[in-house]
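Below is one structure, written out as structure tokens; the observations come after it.
Per-chain residue numbering starts at 1, and chain names A, B, C, D, E and F are given in the order in which the chains are listed.
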Amino acid sequence: MFYHDRKLQYTVRVDTPNPLFAKMLQQAIGGVEGEIRVMLQYLFQAWGSRGPTKYRDMLLETGTEEIGHIEMLSTAVALNLEGAPVELKDEAAKNPLVAAVLGGMNPRHFLSTGHAALPEDANGTPFDASHVYASGNLAADMYANVAAEATGRVLATRLWEMTDDPGMKDMLSFLIARDTMHQNQWLAVIEEMGGLAKVHPIPNSFPQTEENQKFSYAFMSTLRTPEPAPEARWTSGPSLDGKGEFSYVSMSPAGDEPNLGAPDPRGHAQMDQMTDPPGL
Amino acid sequence: MFYHDRKLQYTVRVDTPNPLFAKMLQQAIGGVEGEIRVMLQYLFQAWGSRGPTKYRDMLLETGTEEIGHIEMLSTAVALNLEGAPVELKDEAAKNPLVAAVLGGMNPRHFLSTGHAALPEDANGTPFDASHVYASGNLAADMYANVAAEATGRVLATRLWEMTDDPGMKDMLSFLIARDTMHQNQWLAVIEEMGGLAKVHPIPNSFPQTEENQKFSYAFMSTLRTPEPAPEARWTSGPSLDGKGEFSYVSMSPAGDEPNLGAPDPRGHAQMDQMTDPPGL
Amino acid sequence: MFYHDRKLQYTVRVDTPNPLFAKMLQQAIGGVEGEIRVMLQYLFQAWGSRGPTKYRDMLLETGTEEIGHIEMLSTAVALNLEGAPVELKDEAAKNPLVAAVLGGMNPRHFLSTGHAALPEDANGTPFDASHVYASGNLAADMYANVAAEATGRVLATRLWEMTDDPGMKDMLSFLIARDTMHQNQWLAVIEEMGGLAKVHPIPNSFPQTEENQKFSYAFMSTLRTPEPAPEARWTSGPSLDGKGEFSYVSMSPAGDEPNLGAPDPRGHAQMDQMTDPPGL
Amino acid sequence: MFYHDRKLQYTVRVDTPNPLFAKMLQQAIGGVEGEIRVMLQYLFQAWGSRGPTKYRDMLLETGTEEIGHIEMLSTAVALNLEGAPVELKDEAAKNPLVAAVLGGMNPRHFLSTGHAALPEDANGTPFDASHVYASGNLAADMYANVAAEATGRVLATRLWEMTDDPGMKDMLSFLIARDTMHQNQWLAVIEEMGGLAKVHPIPNSFPQTEENQKFSYAFMSTLRTPEPAPEARWTSGPSLDGKGEFSYVSMSPAGDEPNLGAPDPRGHAQMDQMTDPPGL
Amino acid sequence: MFYHDRKLQYTVRVDTPNPLFAKMLQQAIGGVEGEIRVMLQYLFQAWGSRGPTKYRDMLLETGTEEIGHIEMLSTAVALNLEGAPVELKDEAAKNPLVAAVLGGMNPRHFLSTGHAALPEDANGTPFDASHVYASGNLAADMYANVAAEATGRVLATRLWEMTDDPGMKDMLSFLIARDTMHQNQWLAVIEEMGGLAKVHPIPNSFPQTEENQKFSYAFMSTLRTPEPAPEARWTSGPSLDGKGEFSYVSMSPAGDEPNLGAPDPRGHAQMDQMTDPPGL
Amino acid sequence: MFYHDRKLQYTVRVDTPNPLFAKMLQQAIGGVEGEIRVMLQYLFQAWGSRGPTKYRDMLLETGTEEIGHIEMLSTAVALNLEGAPVELKDEAAKNPLVAAVLGGMNPRHFLSTGHAALPEDANGTPFDASHVYASGNLAADMYANVAAEATGRVLATRLWEMTDDPGMKDMLSFLIARDTMHQNQWLAVIEEMGGLAKVHPIPNSFPQTEENQKFSYAFMSTLRTPEPAPEARWTSGPSLDGKGEFSYVSMSPAGDEPNLGAPDPRGHAQMDQMTDPPGL
């Protein structure tokens, strides 16, 4: 279960409110690289955790931290909206800068919230929980987490570039640091589980004898006109999981043309489809 | 640009059609772990690729291969739907097995397609392209790709467990093998870029001096009642990127209580909110 | 069944077309506070109505009225788009005001409709019918309706503040009035059913003896560091439904740590999860 | 900021696992009446709160409590999935009961999570944050909250009816009690703000002189063939906000037929539309 | 504006309620081939209509009719849910037929509506208004309408095949007839505008001299290994719009390899991408 | 299966990068009128094709061509983003033109991709695969395809009007030409199947004797106040399918008021609904 403190995890200060930056910050709240996603992702991974409890414990910690990040960013959005123009009136239209802000800000920051954050991205697309990855396989989840923190840190550095507000830069310098830690933390789990050669291929509990091993380490080229293998780490040499040797092949079909049966009359295809089925 | 061959990349054979398995296979087509996602993800990464062309070339190859995987799975769905019952009539209702199939199969496999595949998951949720990650940062994208192939291979092994149809098991043994290769392939890119210590923190082009380094390698515990650090790879020792030392701290607020201004009168909050703002 | 008149329920006049205001008006058409939502909500409540027919009759009336509101707003959007600039050309770019409009208007107002309304919100998010609440419980539905009309009227007053176009202000003064009525109308149903003390807790057909009454009227504080109860209507005194007395307690766990079983081997977790399950 | 305890807010015990009930419970996690929605709704209302801090404080408390409810329900889902059948094989198909479970359970409970909860509803539709209402108007938000807790309690009582598992009934008796409290709590805010006559029409900060008062308290009938006013609380007598008197009128158009201009040639309508515009 | 009658457009009678058929009928309400879509589509086309008013008038008529179709189908859903089993209890589990219905019915038909219809499809995916096509080009819209009525009639005939309930078959025989009319009606508009040769290519107001006419009537084959043109209406002979002659060509690239610039440093790609850009 | 060439199908050249035009182009990539939709639509139609193989072969060709169109447009987006401003800083704010671009461009073109395309529309709504129509009925699908190419060509001509960049106009002149061909191609299939009179009503495999023929060719007017039939192709004369004669009737209800049963007590409606059901 969960508790709270009324204070923020880290200072949020806006020196010069900017409604356009408020719109940009939404990507870090409700975007696919954002904090609602990682909050729910780590918590759902914890709540479905099976196996050693140390992993569950850790996921619960970081999932809880992320709630506070949404809080910080939502506060930052609200502060950036202080004093935002709201009037599409003639006099406003005469000031192109105001017009630009009015055209550019998220309309729902005024219309739907009266100057507060929304659980949506920078384009106003609501967060959708299909982005929460919690597969039941710990290693697969760790890579999903590294990916989330990597795209999250890229996003935060881009936001950092967009602003010269000292308060906002300070807040972002904190969030960027946390992303550094979280990348390292999920990688640490992979190392704790034995590193690449032990962890891969994920899931490592499926017997590789049951996969069609002829295709397990072959780079298959789809070039219409075959070319020799390029020199690259992924076309020759040992595989990263240490269980095979990379090769390079030009693809050609191993299967036949598919041949579906005639349509079921109750499905009411057109007569043309039923009177002349394939193979007749 | 793209070309095709009418034949399939690998044989698709269904020995005993099973409409419930057709529903399950949809997860591998239009699910978040599925093939439409990786197809679009690799292609959009290629089409937006900036930097050395060898990465673009490789992404284009594997993105193109994935189109053929959707084709194989769609064919498998259609073949599993051959002869599916469609009548919710009295005599059908008397056969509980038929009733179970009718209740359990994807209704749109008959109603919307007349016995063919859909670009949606096993619950009938349409694929939504917000799952396509192409961040412009090659390392972040590679982790998103490893995550996609890891959850994809987990899914494929679960589908393999659900069926004893020899044709379907053979097709899945091929797809599982390709997922093995693709996991290795994306990891190979990370190695080619220098491995963890060179690649992390992602993005490695942001100067770490600008992040708040006090928090870059600290595991922050949110436990209400603090506990000593557990022994784990992520609480002490060198960080995985080799640029710091893990530590463990119990969280406490570094910020204040947020204090938003009074509501803008034009936003029409309730009078109670405007007559007694915070701080008065 | 339904009929129509070619005339509008109320005058729609635009004195000075403004493509940015057209974008804003979309929130009242396809936003979560908008008219498509209430139209479908009232009609679906009517169509699923069980119990006294007077409620069904009333819902059908107001649901039908709302179709005409969508019509009015769609007309207003089209009229605001008359003469909108469409050219992102060099000469246009030289006029910052035109550029602001081009950057700020809904691109689909030209690209997808050729200057007409869309069933989407001010950010271009399409209306999604999951917002239609029709629970089968009349009291629950009435509160959903009051909430819809309350957020709807807030939205309409904000739109009223954004414009000084006399025609648009007149149309909004009508819609704001209808929202006043509709708020009152749904509250009247609650009174007709006996008011708070008879209606709550919703559903009032579930025997309260079956709920865990220790927790039915307790405000549970999640503050990490407990504080004394604040003076407020919700921490002491009789509950609003007259069936209990408010109290204030600091939360602590009544349950244990959850303990899920080991993973099913067929679900292919990682080996680490299976060899060291919790409790071993 | 936020903290956690590893224990649950209330006991979660499943005596007889039932994968179909696991599917049903998802509605209380990720459905529109569910806990993710209220958690985010109360927290976003708190984070955007402007005006007296006592409301913000209260919202933060209950929002934090709701995180623990998602945790309880997710645990209940995982426990109901213990030992679920996963094989669509011939021998399974011979047991119609197993087939019914396989057809009826949420496929992603095995395929995507390996027997754990998902942030989606009982039909597998992912939670979508457009359902988070935080309007900036406290009264409007309170009604949205009452509506959420009313539909939430209706849902919980229906789940209670579906099961005879003593553990599940006990957990639901707790959640039903909390919904009772939360309905009362949000109603208490409305009372604290002065009750219906002071709070309505929402927003009460918009001058009613600016609305078209001819239509503010009129029930407008859309019946094709007008009928006399039915006897009902909403057709005569004082309005609930005490600011008007209900009346009953048969609707007729107050506006004209809309007349949009000819299409902009650059929008490429068909020639027929351009050569014969209305009014010519 | 709109009016209603309390009676239905056509009789809705269910002789033997069937909750599984209720689920299937949802596709005709909220599916992409369903009635909410055509209702909104025809009304939005009408409300944005520019050009001769006769088209607007007609669209308004049929859009209004469709509201009544949703009403009929929603009534049919509710009637099919009468007496539906709701208990997942031990005794129910012993009756496989009941279990099949419980597993197969739409859970929200009980949990969310208490036995009434929802604005969603047969898989529980909510209707999403992005399916409303109203392009501002009358001919394009007519084809969208024919497509909607064609898939709608296919759907209705499939539903007709699934049931032997005389009441349901009668209702469907009416809806199928209306789909026949509506297909003809939209085709009649195309004829009224002059038929294929006058209407195409859509939009017919764009000067064909501005398109790259070398490619306007060429079937471009993407076969990896070119084959001679198959005999078909689309590879030779006059085009359907009478403005060209079909030809058949094997595709080859007319463009170059794309060459994007180096990444913007502020976008924080990886260092590897920036130190070795293409072309160096 | 599929192959690729690294070169583009047609030249993509941007003479003057324009980030606002990049946003507009997104509609042609991920909009409902865009290329991802037709690519998936034609391929899924091919993969589910039953009946003569010549149709499958053709669909596969054009579906494959469309992949290359997405590639071209994605390249065009990336090239239009070269040199886009990213800084919301004081000095930028002083240049209204830059501010307009910053407010108007798609924020995710920088934040999420670092200057590359996204699989979403011009408003940032991600592509959603529910727009893929593949009904199993060839004629219904052909109309869906004509509609897609008609709205697609309308969109392309509007984009053509928005720009005066010679490179972009050249690329669009190619895509517009391909849309011309594809409209003709799908119409050719309808002709090959016998033309309107043979193809309609779709599906032509359902016996018209089973539809309620009284309503098959009647234009039903929903005007509240009946008017004489307007002169139009759809109110009199032979139907387009040649199987009936159009007529014109004013609608009146053929059904009764719906009468749903009392609520199931286990569904927990309010007591008021249960104590006074309809008919008592």
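Note that in this section contacts are C-beta pairs under 8 Å (C-beta built on N, C-alpha and C of every residue); 3 or more make two chains touch, one makes a residue touch a chain.
Note that this is a predicted model, so its numbers are computed, not measured.
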Inquiry  = Do chain A and chain D, two copies of one chain sequence, contact each other through the same residue numbers, with over half in common, or through different ones?
reply    = same
Ask   = If you tally contacting C-beta pairs, which pair wins, E-F or A-F?
value = E-F
Query = If you match contact pairs by residue number, which of A-E, B-E or E-F shares over half of them with C-D?
reply = E-F
Between chain A and chain B, centroid-to-centroid distance (C-alpha), Å = 9
Note = Per the C-alpha centroid definition, the whole-Å distance linking chain D and chain E comes out as 28
Ask   = Cα centroid separation between chain D and chain F, in whole Å?
value = 30
Ask   = By residue number and range, which residues of chain F touch two or more other chains?
value = 1-9, 32-33, 47-48, 50, 57, 60-61, 64-65, 71, 75, 78, 86-87, 96, 100, 103-104, 110, 112, 114-116, 120, 123-126, 128, 130, 135-137, 139, 154, 157-158, 161, 202-203, 206, 222-224, 251, 253, 255, 258, 260-261, 263, 266-269
Message = Going by the contact rule set out above, which residues of chain A touch chain D in the complex?
response = 1-9, 30, 36, 40, 43-44, 47-48, 50, 57, 60-61, 64-65, 67-68, 70-71, 74-75, 78, 112-120, 126-130, 132, 134-137
Task = Can you check the complex and tell me which residues of chain D touch chain B?
result = 1-6, 47-53, 86-90, 93, 96, 99-100, 102-104, 106-108, 110-112, 114, 120, 123-126, 136-139, 193-194, 199, 202-206
Key: List of chain E residues in touch with chain B within their complex   = 16, 18, 20-21, 23-24, 27, 31-33, 96-97, 99-101, 103-105, 121-125, 151, 154-155, 158-159, 161-164, 222-225, 251, 253, 255, 257-258, 260-263, 265, 267-274, 276-278
Query = chain B touches which residues of chain A in the complex?
reply = 3, 5-12, 32-33, 54, 57-58, 60-61, 64-65, 71-72, 75, 78-79, 82-84, 86-87, 110, 114-116, 125, 128, 130-131, 133, 135-137, 139-140, 143-144, 146-147, 150-151, 153-154, 157, 160, 170, 173-174, 176-181, 183-185, 187-189, 191-192, 196, 200-203, 206, 208, 210-224, 230, 232-234, 239-241, 244, 246, 251-258, 260-261, 263-264, 266-269
Inquiry  = Going by the contact rule set out above, which residues of chain F touch chain D in the complex?
reply    = 154, 157-158, 161, 224, 266-268
